[in-house]
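You will see chain A twice below: alongside chain B first, and alongside chain C after that.
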Partner chain A sequence: MPRLSQESRQGLTLLSPTLAYALVMLAAPLAMVVMFSFWTQDYLDLDKTFTLANYREAWTQPIFQVLMWRSLKISLIVTTTTVILAFPIAYYLSFHVRSRKALWLFLITVPFWTSYLLRVFLWKVILGYNGVLNSALMNLGIIDEPLTFILYNANAVVLTLAHAWAPFAILPIFIALEKIDRSLLEAAEDLGDGPLRRFWRITLPLAMPGVVAATLIVLIPTVGDYITPKLVGGTDGLMVANMIQIQFGKANNAPLGAALAVSSMIVVATISIGIYFAGKKFGGKVK
Partner chain B sequence: MRGIGKFISSKWLVVYAVAYMLFLYAPVILLPLFAFNDATIVAFPLSGFTTKWFDLLWTTDALHGAVRNSAFVALSTATISTLLGACAARSAANYSFPGQKGVMGFIMLPLVLPEIIVAVALLVMLMQLGMSLSLWTVIAGHVLICTPFSIAILSSAFAGMESSLEEASLDLGETRWGTFRRVTLPLIMPGVISSLLITFTISLDEFIISFFLTGTDVTLPVYIWSQLRFPSKLPSVMALGTILLAVSVALLIVAEVFRRRATRRQGMDAGSTQGLV
Partner chain C sequence: MADAAPIIEIKDVTKSFGSVTALKGVNANIREGEFFSLLGPSGCGKTTLLRLIAGFEQVTGGTIVIGGKPMKDIPANQRPTNMVFQSYAIFPHLNVAENVGYGLVRKKMGKAAMTKEVDEALAMVDLGGYGERKAHELSGGQRQRVALARALVMRPKVILLDEPLSALDKKLRDQMQHELRSLQKSLGITFILVTHDQEEALIMSDRIAVIFDGTIAQLATPEELYRRPATRKVASFIGVMNFLDASATGGGDTPYQLTIPALGKVNIDAAQAPAGLSAADITVVGVRPEMFTILDEDTGSFEHEVQGTVTSTDYYGDMTYYTVALPGASDPVTISMRNTAGRAVARDGAKVTVGWGADSIVLLE
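Then we have the complex of A and B:
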């Protein structure tokens, strides 16, 4: 083993409490989930012989396939909408707001420090059959009967998640845009690029690291979201996290729940790595 | 021509930005609106002003227990995760060692991990160890997800600090502890307070981990979750939400003031991005 310099040792010592905590409370539990997923459970008895049965079930049973596909589809739609809607805001903040940037950023983040649970629940109140939106529209005479297609389905899940994750998309894109050297834009303009061409060839590629970060920050947690599908998704909007909870709770089949959790993490990680490299290929350098 | 194009596009961007902000604030505005509304049903038209939903909260004992539990969990979480965050942030800002990036990445991992994975993993471990669920298991989970936020806030505090000030103090005969207490700590104090407030707020609002890891003592969000099933309880949930909103916003404004004071004290540009991510 190579001898560490004194500086390295001091740095590691300082980091050790935090690292130890993360090892005990994160690495060990995650390792245990993986181990669990290869075991089986019969009521309270845990059978510790190695088996792939849980994975076979998780990947072949139609119910799990449907839930996994739906989770992926919903969170991909959410991610795309959120990032596309967030980009103009980040662009506006970075390029058009001069003196009050911090205030704008603060205003964007404030609604998101209120309870996530309550925010999701508020969407249910807004979209419900006798909810705020329907009662308002009926009062105004725009509709005669309450709209029913807006709650308890995948649309409601998409809308709610897109709202809940908005600032997480805005901030990374904003930071990437702030880092762009403004003289590059002037150079492009002087050399005859129109605004669109300039945006496509310089602004967007240089903003790409932020766009990729925003995509991943929204995509990964939304695949595993529990509250939103449970509150506004109805039966057609349930996602994989709800199934994981059921397996750990009512169904009392923790190993299958663990296999589902590990499987969805593998799928999400694979997609994330793909997005990361795609983003690297497109962005970073000015063409 | 180009000038006109620029004018139009920036005007549309303003319109878009305002519309977007309305979308962001729409659900939150409903909280106070219906908390003071004199009707059991949460729908338009509004029927009149009342404070009875707030009065109802003062007489609900189960709620008071949940508030006490949440306060205990949030205070403990804020203290522990800020301590852990300070160690890691200091190490990341002032030292380098092989594999540092990977280790820090691992510690920051809970930031992107779905909370249900963290919750399930901790639950599996506690089950295996045969430990019973309590407020302490909730705290353990909260510290895990709050520490990365604390590291992010304190890293910028440490990065902005002149290490020559500490060296000067050591050269002038202060002990290491004295230097820490009289030089380092005052310089990073605004960052520490900002970290305490942010982690406190996160812990106060966190639901999934509490839902999985709580025993018989419930935290506030778990209590609210149990109330959502009863339509008649809706207005008082709105009232409770209004109070929570007010507390969170107040804490955030204080945190923001301290963060700005920190950047100003260190003579840095009042960076608009730091501490927010």
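Then we have the complex of A and C:
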């Protein structure tokens, strides 16, 4: 079938720049990380005999376990907070903003105009020992000395990340809500549902693809975030990505760092698949 | 039928959306058990009226009473009405049985009873055994039936249908028109249908309210509406109508004495005119195409006859539509003839004799 092969040739030609880019920039580094994880660091050289020792260390050393658990815990809290806060905003945008929807969406993206690092530093200014929040509370006489539990710990990491990722959660939920045929809501009301019941039976199940997308979009990158914990997390706010960075850098143990990276990739992938299927089960087969 | 109590009373209902007035003072009583249609061109306010009855919109002025109870401040989920939506609004994440049983869940009737009700409703619309199907596996006609079953199963006092057949192809539409009609007759539930299709309204309804620009132009049975349209606008909206210039004297208790340049002079009984029509207001009269007869040996002679020339013919198989120029008329008239056995189809340019009767003249406001 010459015609078909010509078509597929055309397709491949069209695809090839992207494909080459993806292979060189994504697949190749990933493959290298996986390869590294089975090798051993021998001072300045790499011992390329196959070994599972790195994985054994990554999964049994208490420090790595603690960091992995903390990363998961923080990013799950961040994700839950972000999605729960994003839903009402997306809902309001979709159902109650009649004109100027585009303007609202535009305003939601305004925080992206400044660098992420600047935004993290701003949180330091707000939450710091002599920061905006503490001085305001002290001036109002609500507290006598500055609060210390708001910066350089896990709480600060959650707060900063939840703020940074909010637009990424709002947009997919907003799109899912926009796609809901409004006559379905009228039909539910017509068949006896009050607003709450209707929300639970129609709006939420049909918005589920957006909620799942928002959850994954926030969860996956936040597990691996290392800038935020480093800047506002203090010592008990450090996460697994900081340890991976240390292994590749100061500790000069790239194979162990690679094994940690692959391990957290597997953990996150497993959780993501679980969330995807849970969402699908609740939302039914939405077409 | 005529004495049946009104199930819905619509009193001086007005509705505005911002500066746009959709309904201006609508009055109508809809009787229990009747098939009532709201007919009009798009944008006339017929769907708005239906949505006001359903409770999706609130009236700006006036009242709607359903089953003796004023509906002010009563939300849609507490009204004894159920709607079949134009888009059918089948819940995409639920299967057919879950869709039909959607409203029953709230009635807490037990699972077995609910399954029975759902099965009965599905059987009623010829969808027995389709309970497990997903919404996206259904054809347009099947979706329509599911939407109907979902409303029927609630046993409402009134079922509201918002252009339910407009998305179906012609054959399926004809079939559904008859099915809907016979279902309504056998169940005795009041149906209110919104449609822009005058033929559909004539076929299905007990009574029709013709709505133009937010007011009811005429409320009548299909036959009255067709035979005695009250205004020129209604007359041209329902079926085909020839409009002929005319002038008149008389009226009141005496017959109207009409002078129609195209046809001649004729006296029309006052009972044939809309109430309160003054002779001075008559400038035009209507005649339906089938009320004219092109004479041949089989038709015999008529009370009134006039000579004309065929200028064009449109052959439809069972019918032929002729355009005939009459000497006194400013525009040619349309005449339809049934192509019965032995009847020759007149050719263009043929001289013909056209017969008509005084009772076929429609006086218009």
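Convention: the second predicted complex is superposed on the first by the 277 of 287 C-alpha atoms of A that agree within 3 Å, B and C clash if a C-alpha of one lies under 4 Å from a C-alpha of the other, contacts with A are read in each partner's own complex, and residues count from 1 in each chain.
Rule of thumb we're sticking to: a residue touches a chain if its C-beta (ideal position, glycine included) is under 8 Å from a C-beta of that chain, and two chains touch if they have at least 3 such contacts.
All values derive from a computational prediction rather than experimental measurement.
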Partners on chain A (chain B, chain C) - clash or fit:
fit
After the superposition on A, what does A:Ser183 contact: first (chain B), second (chain C), both or neither?
second
Have a look at where A:Ile202 lands relative to chain B and chain C in the superposition and call it first, second, both or neither.
second
Inter-chain angle, chain B to chain C through the CA centre of chain A, in degrees rounded to a multiple of 10
80
What is the contact status of A:Asp193 with respect to chain B (first) and chain C (second): first, second, both, or neither?
second
Of the two partners chain B and chain C, more of chain A gets touched by chain B
Where does A:Thr109 make contact in the superposed view: on chain B (first), on chain C (second), on both, or on neither?
first
Answer with first, second, both or neither: which of chain B and chain C does A:Asp45 touch in the superposed model?
neither
Could you look at A:Lys101 and tell me whether it touches chain B, chain C, both or neither (first, second, both, neither)?
first
Minimal inter-chain CA distance - chain C and chain B, angstrom
6
Would you please give the residues of chain A that touch chain B in one complex and also touch chain C in the other complex?
194
Give the list of chain C residues in touch with chain A in this complex.
54, 56, 75-78, 81-83, 85-87, 89, 91-94, 102-103, 106-107, 134-136, 150, 154
Going by the contact rule set out above, which residues of chain A touch chain B in the complex?
2, 4, 7-12, 14-19, 21-22, 25-30, 32-33, 36, 85, 88-89, 91-92, 96, 101-102, 105-111, 113-119, 121-123, 125-126, 130-132, 134-136, 139, 163, 166, 171-172, 174-175, 178, 194-195, 216-217, 220-221, 223-227, 231, 241, 244-245, 248, 254, 257-258, 261, 265
How about chain B: which of its residues touch chain A in the complex?
2, 5-6, 9-10, 13-14, 16-17, 20-21, 23-28, 30-31, 34, 41-45, 83-85, 87-88, 90-92, 94-98, 100, 103, 106-107, 109-110, 112-118, 120-125, 127-128, 140-141, 143-144, 147, 151, 201, 205, 207-208, 212, 221, 224-225, 228, 234, 237, 241, 244-245, 248-249, 252, 256, 260, 270, 272-273, 276-277
Using the touch definition from the top, list the residues of chain A that touch chain C in their complex.
181, 183-184, 186-194, 197, 201-202, 205-206, 283-287
